[in-house]
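Scroll down for the structure; my scribbles are underneath it.
Order as written gives the chain letters A, B, C and D; numbering starts at 1 within each chain.
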Amino acid sequence: MAIRRYTKMEYGSPDEMVFGESKYPVSYGLGQTVGAGVVVPEINFAPRPGAEKNPESLRREYVDYITKDILDRAITLGFPTVQLENEHIFQMVNEPEKYAKPVVAGQKELMQKYYDEHDIALSIRHTLADPRLAEEGLRPGMDNKHSYPEKCIHSIEVAAENGADLLSIESTGGKEVADYAILRQDIRGWLFGIGYLGSIDMAWLWPQIVDIAKKNKVRAGGDTNCAGANTSMFMAGGYLDRDIPRTFAAVTRAIASARTLVAWECGATGPDKDCGYEGPIVKAIAGKPTSQEGKDSHCAHADLMGNLIAQTCDLWSNESVEYHPEFGGSSVQCWLGSIGYEAALMNTAKQLKQDKLLRDLYMATDRYRSPEAFILAYDNAYKIGLAITEHGNDIYLRAKAAGITAARLIEDESKAGKLRLSKHEQDMLRKIITDLSALPDEESKFVDQCLKAYKDVPMFNPRNYDL
Amino acid sequence: MAIRRYTKMEYGSPDEMVFGESKYPVSYGLGQTVGAGVVVPEINFAPRPGAEKNPESLRREYVDYITKDILDRAITLGFPTVQLENEHIFQMVNEPEKYAKPVVAGQKELMQKYYDEHDIALSIRHTLADPRLAEEGLRPGMDNKHSYPEKCIHSIEVAAENGADLLSIESTGGKEVADYAILRQDIRGWLFGIGYLGSIDMAWLWPQIVDIAKKNKVRAGGDTNCAGANTSMFMAGGYLDRDIPRTFAAVTRAIASARTLVAWECGATGPDKDCGYEGPIVKAIAGKPTSQEGKDSHCAHADLMGNLIAQTCDLWSNESVEYHPEFGGSSVQCWLGSIGYEAALMNTAKQLKQDKLLRDLYMATDRYRSPEAFILAYDNAYKIGLAITEHGNDIYLRAKAAGITAARLIEDESKAGKLRLSKHEQDMLRKIITDLSALPDEESKFVDQCLKAYKDVPMFNPRNYDL
Amino acid sequence: MLDLKSVNFDRILKRYDIQMESKESPEELAARMVPKDPTLRKVAEDVVFMRYKTVNDNVIAALKEYSPEDVIERGLIKGMDVVGELYGRGIYYLPHVMVAADAMDKGVKLCESKMKGVRETRGKVVMHVAEGDPHDIGKNIAAVLLKSNGYTVVDMGRDVAIADVVTTVEHEKPHIVTGTALMTTTMSAFPKIADKLQAKGVNIPFICAGGAVNRAYVESYPLGVFAAKAIQGPVLANKIVDGYDWRKLRENWDKLTAVKE
Amino acid sequence: MLDLKSVNFDRILKRYDIQMESKESPEELAARMVPKDPTLRKVAEDVVFMRYKTVNDNVIAALKEYSPEDVIERGLIKGMDVVGELYGRGIYYLPHVMVAADAMDKGVKLCESKMKGVRETRGKVVMHVAEGDPHDIGKNIAAVLLKSNGYTVVDMGRDVAIADVVTTVEHEKPHIVTGTALMTTTMSAFPKIADKLQAKGVNIPFICAGGAVNRAYVESYPLGVFAAKAIQGPVLANKIVDGYDWRKLRENWDKLTAVKE
């Protein structure tokens, strides 16, 4: 499968972007269309501890309890459309026939029933687990201990064949280097890990997913960089955290978006996965629908852009919540209430032709809450998209350009504008700009440099990336 | 203490009302001002089962865990202001010195520390429990078994003396009759229970709360009709529920607002409590700030007006969530994220002078989702307010007028407009209008009628209301 | 206010309730289900159509032809069965059930006054709301449904002390004891009650319900059987008088409670 | 885009991080804390200021005056203490700690090569991430902090089978075993490990951490001691080598972990 790199923007200007609309809407599932004028709530969940005990207990948890609760609540509140996301747990990728198949099939069967009875638009995203371990080998034939690469691909097939509407994954290529780099604030290492190695790994993985999707007449959604940029964001945290500076996290997000784009370049149609916050950038480039999460995904993690990130979403997600009882119902029902109502608000704004205004309110609320929020504001996201497409054919240069552009945007605004940085964030920003500026202009030189510098990083094996 | 009845509207027109602003802002606590241009998130919580084991375990739960988590998360996310609400549990009203005092004092001490260190505006509402049992007697001296009336008043004093900033209660006068009536769809009984008996009970209770507040230089907030109208709403539920029709619930809400107003007529200053949805009506009448809850209180209960109800709020609440861990932190931290960001969005709209537009988006989203949402839309809420003030001096006539006005608004819109009703809801609406229209024009006749009709209602004792 | 004329509300919300409305009328369903005999039929219809005023006369008329036991079983309770069916199908709402139950109650009282001994009911249930907990609506609904399904209910009310529950159970010797708790801080009474009952050798099922509790919690102590909805009360009770103990109820819980929702 | 000029952002958000910024500099604090002796001082400062390049030379110089043990204890580890203090006060961020630890590590290796026997560390810790769980960042951070506080770490990596953990503990005889789990569906390995260890008579504390677990869960099985943050690793470990068993750690947990946040 040929990879078609993005070398120009699908959107002509930032202002064209708004939630609930994308250049290339996608239809799938049971009457579902995403990106064509309606924001759809996407509800994610995790089983209770112990549910994984055996295949039947897991099926019951996912189907009889979680899926049923969600569908009932959607009808109860009058939501016209809902997407479910099931993030596969380890057992489901390790023994897909045994653990995943009954879940995938059972969910779809129940959804079909509600679709038939109530005419509610429904779809389900299956996010396959990526269990591959760099230390054992990322490609087929390399991991003699667990055969994870083979199992990973097989589990995608099982999902596609048994009822998934949308296939996604948070692939982990290059993570071993990024993990090392993040703890040392080494932006070059991070760029190498995610921007470069991650893009190579995705170019291996995603054509296979797209093929499987095509064969089964379902959709290949997209990837997000949970493994990298979300880890940065998570560790950078909020105003009480001191693990890593938020300027570093912001720049890694920009770099990650150059990587996340690869799924779509391999033929995936979107909607992109929630979980990552690269959506505004990749949507600006490719015009495909994205799922985003923010203020209503605090069940899963806090962020510093809870409203802003809704600005250009097509699905609005809660990221994930453990299934358990609350006063208001089960946890999935409660969070569905929040995301469903937020989606309804956005849809009202669309109907009243006030969507761009609401978008701007979302954006303005958090524009200066953190550097990451700032670079993801749709105008800045667009600029980062431009930097990526300018070097669209070179996975190294485009990731670097994304990083530098983000860093410069932050720098300029912190000097002349309203974005305030702590001293430590400023120091880090200066170091990032210096480090990135010092990098060579050629891929081969960069790779040589990095292979040398990171050869002792635990678990890093260049053969995983054909290097 | 004299009761000053509202006989005219404080707002000149519905359009003057908007979230984050009220005619009579209130200052209290640690740098807190409500209703003066900023919407404040209000976070509520319930202790884990078992926390009530002894006073120390309860104190630890409320102070060391819950309050600390909340304050940390508020700082983490950069929320400039937060209000806590502590709904007292049975043990705290039953033995206030032992159970309530250490909690109230401990919370305040910790809040003071954060206020001093971070200059975050903070306040705490203590919602005292009303444990009184109609069957034992609602007034002092009547309940020989538990002395609940005495304990209730005493617990208010304990809270006020030890650190409460704001005193609230969800008083339960008349509930025994309303409970009976709700299960039989008897609107007259409900009007008698809540509109009449409830107002009498509040006129006894609230002057005492206002006195205690004044003596301790704290604020008397307000009451809401959780016992009545929320029970209706809760039982009417959503589109899958068939317990009671939503038209009935809507009319009870309107009646309840005539009762809820009494707290303010007795001298309470607001902000009114969350939990009830009477806010838009009583705010229209009195111009005092109110706390509301909707899409971000689904942890506590689902509703059919998750956005609409934000239209005119001054505080934005999660209603209540049991303290427990989630992926994103503790449950109180997660829900604080959601309400805090929603408040931030409203505040951005205010800063950008787009608040009335956002208000209308909120309102339009749910205007036709349910009859209750419809009558609470600020234009209709205003009309119900007018009906109440027209008969402001007569607690019977004003409650009846509120009910009839609401019923007529629903009827008109369902005939000529976009509000759709199920057949059962229509039947009920017709019956309500007939029943209410048949009622006498004089309080004394009404009371005679009801005392006869409901004399056998279990637990109902006219002496509780000096009748 | 913004002009809402142009809004397509179907893209914002969907009125599933209206879409689901049953086409069948209570009359149609009742016509199929009530007894054929004209005298008993009238009695049953009084219950189905909540005719509180005529039920007395019709019961008196029926008592001329039938024994009090028959009027109850084949007239009044038959009518209540129809009501249950109407509720189950979404044609009736809860208040219909409550008012129908009031009508039935009136008829039952009349029949009982004509009986020789005490009426034999399906079983006896002791009900209560946990200490410190004032939330009794759910318990009240459940009580009505149990009564109208032929059970004798000893309603201890709300805010009931642990010791009182235990004493009453010892004294009344019911088939079932129930507890309702809507607060996380009151429900801890249930395991204590269960322990004390077991200590006294009482092994009847203890149906626990109310917003605060869930199945996992209720099944964490002996005797406990969870109920999510009041309508499950009669379903569980019927099994109990059929001989199911609390362990067997737990095992079959998913199946039993799926019957009616 | 809307014009944001008029916005008063202080009414929307508050930059507590900037408000809290420490006025003190690393240099000021280090000046007070590093050893007075100029040779050891240089070694300590190499750690504090993360001078990966000079640390070798300075350690070699110090080894001329001091024993390898002294250079480690009074130079390198002293430097790391300063780093910990800087981190605790919010002056340093985590990456500083990591890079300083790298520098210390380099120095320690050099010293060890000059020692007669094996260096005696404070204690030994076996660490792992639960089976099926790939989330290892937290464990990696904790490992670095334990190492830089003078502990020997046997790092088993991620996705480690239950049996392997038990075997390794039997074999290595550590003072402490740790487990990390970030998924609700992997953490159930912990009670199993605890049971198996107890069955083999191993009674060392089993520090369990990671996003999925919480204190209540970890204290629901024997041996389990919860850690919320990596920085609590050394705090708990120090108590363990001082003789606290898992029960005593649990009793004093609130106090112990409040020390540093």
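Throughout what follows, a residue touches a chain if its C-beta (ideal position, glycine included) is under 8 Å from a C-beta of that chain, and two chains touch if they have at least 3 such contacts.
Bear in mind that the values here come from a model prediction, so they are computed numbers and not experimental data.
**Q** Could you tell me which chains make contact with chain A and chain C both?
**A** Touching chain A and chain C alike, sorted by label: B.
**Q** Can you tell me which chain lies farthest from chain A, using the average of the Cα atoms as each chain's centre?
**A** Between chain A and the rest, the longest centre separation is with C.
**Q** Looking at B-C and B-D, which pair shares more C-beta contacts?
**A** B-C
**Q** Calculate how many whole Å lie between the centre of chain A and the centre of chain D, each centre taken as the average of the chain's C-alpha atoms.
**A** One centre to the other, that is 31 Å.
**Q** Centre to centre, by mean C-alpha position, how many angstrom separate chain B and chain D?
**A** Centre separation, chain B to chain D: 49 Å.
**Q** Which integer distance in Å separates the CA centroid of chain A from that of chain B?
**A** 40
**Q** Multi-chain contacts in chain B: which residues touch at least two other chains?
**A** 46, 75, 78, 238-240, 322, 327, 344, 347-348, 351-352, 354, 357, 360-361, 364-366, 369
**Q** Two or more other chains in contact with one residue: find those residues in chain D.
**A** Chain D, residues with two or more chain partners: 2, 4, 7, 9, 12-13, 15-16, 20, 212.
**Q** Line, ring, star, complete or other: which describes how these chains touch one another?
**A** Per interface graph, the chains form some other shape.
**Q** Can you identify all of the chain pairs that touch?
**A** Listed by label, chains in contact pair as A-B, A-C, A-D, B-C, B-D.
**Q** Under the touch definition given earlier, write down the residues of chain B that touch chain A in their complex.
**A** It comes out as residues 46, 72-73, 75-78, 237-241, 294-302, 304, 306-307, 320-322, 324, 326-329, 331, 333-338, 341-342, 344-345, 347-349, 351-352, 354, 357-358, 360-362, 364-366, 369.
**Q** Within their complex, state which residues of chain C touch chain A.
**A** Those in contact with chain A are residues 2, 4, 6-16, 19-20, 211-212, 214, 254.
**Q** State the interface residues of chain A toward chain D in the complex, per the touch definition above.
**A** 14-15, 46-52, 89-91, 94, 131, 133, 135, 146, 172, 179, 182-185, 231, 235, 238-240, 242-245, 322, 357, 360-361, 363-369, 379, 418, 420-424
**Q** Which stretch or stretches of chain B touch chain D in the complex?
**A** 37-38, 64, 75, 78-80, 118-120, 325, 327, 344, 347-348, 350-354
**Q** State the interface residues of chain D toward chain A in the complex, per the touch definition above.
**A** For this pair, the touching residues of chain D are 1-2, 4, 7, 9, 12-13, 15-18, 20-21, 87, 90, 92-95, 98-99, 102, 131-134, 136-137, 140-141, 144, 157-159, 183-188, 212, 217.
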